[in-house]
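Read through the structures below before going on.
The same subunit A turns up in both complexes below, where it pairs with subunit B and then with subunit C.
Then we have the complex of A and B:
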């Protein structure tokens, strides 16, 4: 846990702005607190009671993104609300890398273009940030051939927020008018195999999924007290945080085993989750781990090398774009 | 509007390049608003004698080359190019001189026969825009333009010597440029700004003036600005001298997020290092940090840029790349200019990066530009952005004049 704030630091903060000491418990340094104060002033104005109320919320460890109601995510502005996980910068980083490698590969290979229709599914969607960013970044590629994106989450709050974010960032879908892209959300518990099968046969009409993305809850319950910041622990939904191998197991024994997908990218919290997946995929699958700029293992990806689509180009690019641990 | 003595403008410009011949030798402040609109179009832009001399040299060369080429002897590409350049300059010069002659004749006519005044003036008014066009045309043919002339710009302000007073002055300058942009209705925003701990003054400020062409306009603002005043922090009433440095960079593309990837790709991966705040702990879902600072290191040039103003790392990265590109482009241009000077093997005084370029003397309410010796006695007006144009005009005139001089040396 963080050490106690020295009273002299609080005094110093008080002398700069009356609200600044309230931000210190979360920010720890004067510099960072001033930065947050600037953002709060941008959101609430400089002299209002609103600002003070916002700072008091921050003092109680409410995440800044919930107070301001949004978080920039790539070129998107994602709305954040209670009961839904706030998008992290690590997720932003890998989603951008994935989008960029998709763009790169599709531009370099015409064969990919011939493989007309693309089907991307995002599980545990939350705010919907990952699929929406992929759409935003790759929309220019899908004029002739189509892109179908489905976002799945079991929480009604998440589904509502994903729909809202789609509306806000794509002007109610009007910004995609010239593109052949469809976006749908489904409230579904994917840990239930029967429901997954129903979704595949019903909504997807048994079409194979090209890329399955997911940012599953990956904090083991034992770590929750010690390793998780209080702001996360107190205010973000445990549904989106707590889990260990459930979703990786579900990946291996539902999506891959039933041959529903051709490739996947899953965010991970620690290497043991990656190695679990690596041990449990069939040997026709190629897997790899990418790192984030903070030098932590962040993603496990994999693709079936026996498919007609050349996934190795996409994922080699993805590996290139990602941070290389030193 | 009332007329007071202080309202009288005795402002006449140094008669150098683009000489302005005012219709009234003195103007009253109260008349300024409608007068300026009229004068804008009716000012005659005459080129200085030094430039005309240079143009005439080209004319002479044109005749020589014509003779040489007509003989049909050794015909080479370089001569052809030279010939094309000289002929176009000679032609424009002819047009310029003819219309200048016409205008002078009309002016003579007014003096000789006042009864024809109205008609002559009308004719002058129709001729002047065309004359100005030729004059500008000739000027651009003689003096090479900056390759970034049509670009928007980024301004970086930092305090120099003088402690907190220098920080306050840097802030004053930043607001002056923002005001200047506002008065011209130019789009602008602050890319990043770091305030002094005690809340007065800035440690650094990076402004973006998004108007295309603003780089050409503000280019000469780069340098060290000196202030002489009794600081707010001074208790004994002594006048202090402090400085602030201004750097002006061309903005190569807008810093929208779309172009980030394009930027990144133009650099080789081993040239660039992007650092983020290395937090301990597991990261990912475990924390929801708001600290999105990014540090960019460009190894070949040694430029390091830190950016933390945006809430997303991606956006900070985009801004850092914009700044890096601007810095590199400016550096390249500076090296090119330096190479050009070295090639001439003589030290030419450049206007753009001399050390102390301007003094703001508050007790005397005076701003003096040291490059051209231009002084204006209206600090509030300049700081509000309204009168800055007068200084900029004077320095620009001085710069073109200097450039013309170097042309003559060639």
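Then we have the complex of A and C:
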């Protein structure tokens, strides 16, 4: 728990704006509270009752993104609603890096004549931020070649929100008219192997997945009580937060073992999750860990060496783009 | 005869600055990108990832040869903050490289002139307005005086 706020700080905030003290419990400093107040004023106007109501919500630790209804994610504007996890900057960082490395390597690969049609699947997609950013960043590459993107989540709220975000950011799909890109969402519990097999044989027509991305729930229940911020703990869905090795186990023993994918990128919370994956992938797979710019391990990636597509260029670029720990 | 008519044609008119024809903003070049180091300030080394939901993201850019540091956190988007920081850095570097050491880029000078121009125009307009008022006031006073005189005359006659 954070230390209590000094009354003089509250008084100082009150002298600047009457709503500012309400923002202090979440922001802690006047400077940051001012920043948030500016965004809230941009959203609700400066003199309305709405602003005060929004600040009171913030006082009760409701995430700012749920109050304002959106969160910028790269060049996208992602809508955020209750029951769906808010995209984090770490996720934004690595998915931008992934898109950039895809762009870079595709440009150099075109001369090599490689795989024409791409198949990307995102698990636990939530708001759909990762696949939508990948589409947005790489859409110019897929005019001749085709790109099929599937977003999977087990929550109906998430599926609805992903569809909404696709509609909003791509003008109902009209912005992709000149590109050979398709985007679909599926409500599916991926921990159920039978359903995964059905999805692969039905929706994907047994085609292999080129890249599997996922931001699985990775906070162990013990840490949930101690480390997690109250605004996250109280208002964001536990379904998208609580978990330890389930999804990494699912990656190793369903997606990789059944030979459904050629490469993957998974977000991680701690190194033990990465080392679990590294211990359980077959020897033909190359894996690596990337760090975020806050010097924390953030992603585990891996690819199959024996495939015809040259994944090593993509993932070497991905490593280069990522932050290098000091 | 001809030389008598001929006169030197000079003008004191200053070139007017136009709002939509200002000199462009300084650009951030690839060379500058190589000279800069970028740091993201996340506020301490606490929990990260899903455990915490940060709303702001401060970007700090440092130009190594000159040692200039700029920071930006105006928007909620890190992407836009990064762009903003680069714009500011380009501006700072342009200020450094001005020829006469006045610390003003061509755009700054033009903007200053534009401000002065607008101020002058405003002053001119308002002084014109006052002139009209003044004339009207004088006319009113004159008529009042005439009226008073006529009344006084009538009273003196009686």
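In this section, the second predicted complex is superposed on the first by the 322 of 326 C-alpha atoms of A that agree within 3 Å, B and C clash if a C-alpha of one lies under 4 Å from a C-alpha of the other, contacts with A are read in each partner's own complex, and residues count from 1 in each chain.
The rule is short, and it goes like this: a contact is a pair of C-beta atoms (placed from the backbone, for glycine too) under 8 Å apart; a residue touches a chain by one contact, two chains touch by 3 or more.
Because the structure is predicted, anything quoted here is derived from the model rather than measured.
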Clash or fit (per the criteria above) of subunit B with subunit C on subunit A: clash
Which of subunit B and subunit C A:193 touches, first, second, both or neither: neither
Touched partner set for A:203, first subunit B, second subunit C, both or neither: neither
Contacts of A:16 with subunit B and subunit C, given as first, second, both or neither: first
Residue contacts with subunit A in the superposition, subunit B compared against subunit C: B
First, second, both or neither for A:217, with subunit B first and subunit C second: both
Touching partner for A:227 - first (subunit B), second (subunit C), both, neither: both
Shared contact residues on subunit A - subunit B and subunit C: 32, 35-36, 39, 63-65, 71-75, 85-86, 88-90, 92-93, 96, 217-219, 223, 227-229, 231-232, 236, 240-241, 267, 269, 292-296, 298
Parts of subunit B lying in touch with subunit A, wherever the complex brings them together: 195, 197-199, 256-258, 261, 274-276, 278-279, 281-292, 308-315
Residues of subunit A defined as touching subunit B within the complex: 15-17, 26-27, 30, 32, 34-36, 38-39, 63-65, 71-75, 85-86, 88-90, 92-93, 96, 100, 217-219, 223, 227-229, 231-232, 236, 240-241, 267, 269-270, 292-296, 298
Complex contact set, residues of subunit A against subunit C: 32, 35-36, 39, 63-65, 71-75, 85-86, 88-90, 92-93, 96, 217-219, 223, 227-229, 231-232, 236, 240-241, 267, 269, 292-296, 298
Subunit A partner contacts - residues on subunit C that touch it in the complex: 39-40, 42, 45, 47-57, 73, 75-80
